[in-house]
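Below, subunit A partners subunit B and then partners subunit C, in two separate complexes.
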Partner chain A sequence: MFEEMRKEPFFKEMRYSMHLLGQSYLSIAGLAIILLFVFMAVFTSFIAPYEPNVIDLANTLQPPSLEHLMGTDEYGRDVFSRVIYGTRYAFLEGLLAVSISLTVGTTLGLLSGYRGGMTDEVTMRLMDILLAFPYLVLAICIVSALMKPEGGFFLDPLMSGILAISIVSIPSYARLVRGTVLSVKETEFVEAARANGASSLRIAFVHILPNSLAPIIVEATMSLGTVVISAAGLSFIGLGAQPPTPEWGALIASGRFLLPTYWWCATFPGIMILLFVMGFNLFGDGLRDILDPRLRR
Partner chain B sequence: MKLRDYIARRLLLLIPTIIGVTLVTFLLTNLMPGNPVRLLLGERAASPETIAALEAQYGLDRPLYIRYFVYLRNLFMGDLGMAIHTPFPVSTEIMARLPATIELGVTALVLATIVGIAVGIISAVRSNRLSDHVSRVFALTGVSMPVFWLGLMLLLLFYYRLGWLPGMGRLSVSIGLEHITGLHTIDAILTGNLTAFVDAVKHLILPAFCLSWLEMAMIMRITRSSMLEVIRQDYIRTARSKGLRERVVIYRHALRNAMIPTITIVGLSVGALLGGAVLTETVFAWPGIGSFMVESISFKDIPVVLGITVVLAFANIFSNLIVDILYGVLDPRVRYG
Partner chain C sequence: MDLLEVKDLKTYFYTYEGTVKALEGVSFSVGNRKTMGLVGETGCGKSVTALSITRLIPDPPGKIIAGSVLFKKKDLLKVSDEEIRAIRGKDISMIFQEPKSALNPVYTIGDQIAENVLLHDEDLKNLSKKEKKREAWAKSIEALRVVGIAEPERIARSYPHELSGGMCQRSMIALAMVCNPSLLIADEPTTALDVTIQAQILELMKDLIKKFDSSVLLITHNLGVVAETCDDVAVMYAGKIIEKGNVREVFKEPLHPYTKGLMEAIPSVEKRKEALKSIPGSVPNLINPPSGCRFHPRCPYVKEICKEKEPELFDGRVACWLYGGAR
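Moving on, here comes the complex of A and B:
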């Protein structure tokens, strides 16, 4: 049976894709970086030598040494441990924001492209409106509208930030999916499904959606990085994760005022963001080359 | 479609977008859990009478749709309401800081476009050689790096450690400059003040470079890939086989077609640039509307935050309009879409 399966076009395609992936050193490097971060997020407590929030006033602002690989901050907390714990927040922000915007955006795009007419018109105008705002500015605006006038937030600040970023990322998915739906909608296999009496819902999700998966996967991979940069940007100006949360943007924000003497507090979290985002960018680039047959040469 | 009709169509399409944008900011002010009067009062305690009086004063007792029209009318008359943490109207505060943001943003955009296109072309023409690899690494770090962290690292190196460039503000305190346009470099040229000009340019270098890196990277990537695509086409081979010099082939024949995707990216990146300006200004204490927005957030001054949002959204819409028109000029096929 296994032999039979190996001849299926799907598996042939998969094997070919794997082969292509293996040929591209940069995407392999990207994948390796991603896996390293996944490892750090899973085994955080084994890798981090100290508790992230334990204050040690005898050892404040120590420069990087063997004991504290990335030094300590103004409360004597180990920067290396905090940065490792930050990996979890990066994945939380990235995965949550991407899955929210992906779900909502894909549904809107499917509906819009498949139904056409007024549905399409209204949805796309809504997306245009969201796109008219500069990405980060709209996110800032949404989070600050969630602040209580007497101080504090209506929603957990980290979640407010993730929610805001999810909302502003919806249009790119909606547009992408709508475009692919429009090109697939008129093909013969969709017509065949319709002739067989399949419902609209079934056609949209079972026949059309799988054909738009490739660009969605690429977009999601690439935007996982972008989302983490934006979330860090929000925490940097005090609108996302709040101290003492060891989120990378918040770490940079509190390390900012320790420059120039205690440079390690702001420098290392930034390097982590750079590597994290770079991993997803490299891998996403490679995925696009593989999943887009036109780019295969 | 004639170019004139195409432009008219684009302008008409702006109307629903502007209505939508203003509706979003209006709803964010008026429907958010924090009642606007409580927002105005901040942490001060108030009696129900005071609240009712304030509601009447600001027209908050009227129905929502009427309030929206009032908001729209005020907006187009340049009235964005009163700021909470300063004694001035929001529009006055924004106008005072807008030149700084324009100076920084335009410098960064010009820098990104010129360097991005130039390096993109070189990278494509010499593809897979050392210069190509260097520029690709540069582009990759550009799109992977948070702009505020880049700013801090530039400050750390060039201001704190090396001391080559000033790190904060737009002008050294000791230098006096007449205020004409509000753009310090232009004002310095107009008044023939060389010392001030040099000082203003020095202050501009780090923030402008920091803000432009991301756009530079995006422009570089797209120029490189579209150039590579164009170079492979038949008409380029024809041009070469006619015996044209490589320079002419690249700059006359290939570049024009390769520029179309680049212009789209330049237009799209203005939004990212405006968002980046908020963070960059904060890092470099650049006294523009971006750093003012962040300052207002810490004072929970929502009218200012929303006012700046509207201004930045309009700037974004306007730049997208310019790109759309340019696009129609460069590629006549677009007009028939």
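Moving on, here comes the complex of A and C:
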């Protein structure tokens, strides 16, 4: 509310958080990996030596060399360039799916925890229904529901994949937020806010929500990785990004038949997924240590 | 007409074990610029009374089932939700027992006081958003200065965890007083503080009440605090007021056996050799209170009638069969 007036303590806290983060080598490693991927996603066209979709039939299935760092695929496309372009898709999937499920899940959890009663009962049972299905199976169902009966997609295929993953990750946020809200709403400062004439909406969003954020931030960071795995998984079975989109899952899918002999087509995108997920998990772990006041001081 | 008149207030809680009759016909009034003390043991309904006045009883399980709360001739139990919200924090504000947990940990002290100003202050209505914020911030710093905080600018930018309990309670008072309320409800404001700070806070409250012409409803279990600060006092037992009156009268000559017991239970230096007196037994279960006078199982002067009929508040002073009816 009063940014310019409270800069000082805010920065003091930030500096301390940075110091704590610096203490843990693993989370610094995670942050470094994330920053590397961000750099790759932003400067893609400068880093990638070739266009990702240019076919060069004279140079098909070349093993990794100085000219083609990660070799070429069966159409002679440079795997390195395609993998680099894939970073953008990974971020698109991760950030979009996480922000959709985060927003919806947090709002549902907040309402359900704060209002209680019927609202709570109905929302949470809906969440239970979603949780009753295996994560990926439900996502597959949702994508299939978004397909036309004669084949093809209503939405952009990549977007249907993202939407499906967003929907299946809503319950984890909703339950997490509801839990914290339940404990925060019993605190005295909430009672004090009511005694000072704040409205329910104000209490929910201004007083309770900021006090319930820490676990959500950790969950969001951690799930960025898993969301990317699931999106890649959907693409792998043909229900997300479609070839020739250089999305990592799709790259593995088209490279998997060549695996024993031409290992580079599928291996490098796989390594990228591994690194990407590891980066976010390591960082999320470190973040949890910082945000948990019991571990903090 | 007194500022606040509570009449026959009944608040029940409906729980699985049964109906808890937390307040069973509580009546008292707080005069203009007067300090009223509400004393009693833990669980006798002091806090429930305070919360019922501004309709802060959590519903479910609680419900105010009867009575009226006349504040400036308006029945607070009948006004709309918006009206009561406008009154809370502006005309009637509250101070809580645990200053540290009554402040929101994620906002600075200044932000929280300014929030209250922004919610209620009519003077700011015509200003632009930015001016409003600046004005509210200035007012909160002023409020902190008034409650005797040495560096209000610095404290306003601190978070609650960075301050001591006494500082937090001063900030809470600043927050409560920033809109010049006509009634301040203080729910055990000094219980969580150590003794030296207690005296300071009580002194501060006295000063502010004079300065702002406010009335106070002071809830406490500390009779010393009542003697020090209040004009009138009401003693509660098991959801009822059993004795009330001017502080001097009640302290000079407590009538109800329970009040007498409370007075005798105050440790004193002179009588150090004697064992500390206590009232045998404990507060009755309010789901199934004793018949007749609720104090009769613990009362040393119990008579036949006490077990059968509930005493009224005779002469508006004491509810005990020793003094009324068939005396």
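One rule holds in what follows: the second predicted complex is superposed on the first by the 282 of 297 C-alpha atoms of A that agree within 3 Å, B and C clash if a C-alpha of one lies under 4 Å from a C-alpha of the other, contacts with A are read in each partner's own complex, and residues count from 1 in each chain.
In this section, contacts are C-beta pairs under 8 Å (C-beta built on N, C-alpha and C of every residue); 3 or more make two chains touch, one makes a residue touch a chain.
Model, not experiment: these values are computed from the prediction.
In the superposed model, A:Ser199 lies in contact with subunit C only, and not with subunit B. In the superposition on chain A, A:Glu188 makes contact with subunit C only, not with subunit B.
After overlaying the two complexes on the shared chain, residue contacts for A:Met278 are found with subunit B alone; subunit C is out of touch. Contacts of A:Gly249 after superposition on the shared chain: subunit B is touched, whereas subunit C is not. By the touch criterion defined above, A:Ser144 reaches subunit B but does not reach subunit C. Subunit A is touched at more residues by one of its partners, and among subunit B and subunit C that partner is B.
Common to the subunit B-facing and subunit C-facing surfaces of subunit A is no residue whatsoever.
Contacts from subunit C toward subunit A in the complex involve residues 54, 56, 85-90, 93-94, 96, 98, 101-108, 110-111, 114-116, 119-120, 133, 137, 156-159, 162, 172, 175. Of all residues in subunit A, those touching subunit B in their complex are 125-126, 128-129, 131-138, 140-142, 144-151, 154, 225, 229, 232-233, 236-239, 249, 252, 256, 259-260, 263, 266-267, 269-270, 273-274, 277-278, 281-282.
Every residue of subunit B that touches subunit A in the complex is listed here, in rising order: 16-17, 20-21, 23-25, 28-29, 32-34, 38-39, 41-43, 140-141, 143-149, 152-153, 155-156, 160-161, 270-276, 278-279, 282-283, 293-294, 297-298, 300, 302, 305-306, 308-309, 312-313, 316-317, 320. In the complex of the two chains, the subunit A residues touching subunit C come out as 1-2, 5-6, 8-9, 187-189, 191-199, 206-207, 210-211.
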